[in-house]
């Protein structure tokens, strides 16, 4: 499961039928790479989230027939925002040993 | 689900039987890497799209017996083209908080 | 199966139902990239672990209905810590030819 | 589906039973990274090909019991060889908008 | 299927039940990155091998209930060792057009 920051919504009035009417979010990793995930938890721009990929993403969406390969699994209450998504921090200081999720 | 720009068609008169007669597109990510995807939505060169991978790609194609591992899931109406596909934009400015899909 | 160091717990009181009450750990690879894994073995911060991914991750968790895509498979008794997780060590010295797992 | 150049055959008289007697090819991507794929189409050194990965690779091989995770799906008639496999070409010129497959 | 060099054994007396008593090997790719694979063929340190990933890895192990995501599929008789594993060799000389597997 990977860590991302939510950048915004992907408004998409027409798409393949298999995505139905689920919400899509644009996510960004620590290097600035963007991906698209389905969102069953109502994440907002700026939220730190972790995602579930592969066939598990379809179960995570709550409906196996939704044709996603990436689903948001939870929103992280990240007080040390910079470090949680940063992809490369070799000399990573003390680091935050635990992170909490927001109440969804 | 990943974001790509459509570069063009992959004309292929003969291929493994499992790909049948579906349309193939050459996609390019923000770093210039090229991939091939099946296209059930009729994307054209220059379109910004997102893709569905893994076993979901076969369902997304509308025919599970098509042996693809990457299918275009929707076409994005991207007014801020450079940023949506760019793979690395660490100091990413305000950024576009939402994107819209074209009517397919 | 990949090698990681455990950075800490991911406390998450509410999440998608499919993750149930399993323990989540934040892992870090040799380049500092962070991931999240479910933990059936009780790993602690600083432990060197290897992970099982894909659909096998759900079986590895001991409950296929847990919607993980990454599960800790074992804790490594790593006496040469720096080398086991380092992602790029081209001129890698003699290197440790064998590693042992901790008694779980 | 990814784009590669065929580098040569992987002669392997004994292997796990699950690979049976299928032909193996060494492929190389635009950065020089090498992979191994099963080949149901008879590709030769220097051919530009695209591959099918994951569980679809087994179906693509024409025999689901062949334990491959990468199968050649078609041979590309690439007149602009350098650009089709190159992994990183940020300022990629006009580029070839369409590619053709060889008659297999 | 990917190419690796075997670095050594991963001795692990206790692990998740799903890995049973199969042999584990630490592999290293051309950039020095280390992974762990199950080994049904008896590879030794210094051997060049190729691996099978995903769900095929479980079948390749000869027992689908072994929870691996990476299994060694064969040992390569590599007379041009440096080139077979090297991940990035852009101006790759004539290169070895064919490789042979060791009798297992």
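For clarity, chains are labelled A, B, C, D and E in written order, and residue numbers in each chain start from 1.
Everything below uses one rule, namely that a contact is a pair of C-beta atoms (placed from the backbone, for glycine too) under 8 Å apart; a residue touches a chain by one contact, two chains touch by 3 or more.
Fair warning: this is a prediction, and the values are worked out from it, not measured in the lab.
S.K.: Chains in contact with chain C and with chain E: which ones?
M.R.: The shared contacts of chain C and chain E amount to nothing, since no chain touches both.
S.K.: If you apply the touch rule, which chains end up adjacent to both chain A and chain E?
M.R.: Chains touching both chain A and chain E: C.
S.K.: When the C-alpha atoms of chain B and chain D are each averaged to a single point, how far apart are the two points in Å?
M.R.: Computed value for the inter-centroid distance: 20 Å.
S.K.: Could you give the separation in Å between the centres of chain B and chain C, each centre being the mean of its C-alpha atoms?
M.R.: Centres of chain B and chain C (C-alpha means) sit 32 Å apart.
S.K.: Send over the residues of chain C in touch with two or more other chains.
M.R.: Residues 54-55, 57 of chain C each touch two or more of the other chains.
S.K.: So that chain B leads and chain D is second, what is the order of every chain round the ring?
M.R.: Cyclic order starting at chain B, direction chain D: B, D, E, C, A.
S.K.: Under the definition above, what is the set of chain B residues touching chain D in their complex?
M.R.: Going through chain B, the ones touching chain D are 7-19, 24, 26, 28, 31-37, 45, 54-55, 57-58, 67-70.
S.K.: Would you mind writing out the residues of chain C in touch with chain E in their complex?
M.R.: Against chain E, the touching part of chain C is residues 1-3, 30, 40-41, 50, 52-57, 59-60, 62, 71, 73-74, 76, 84-90, 92, 95-104.
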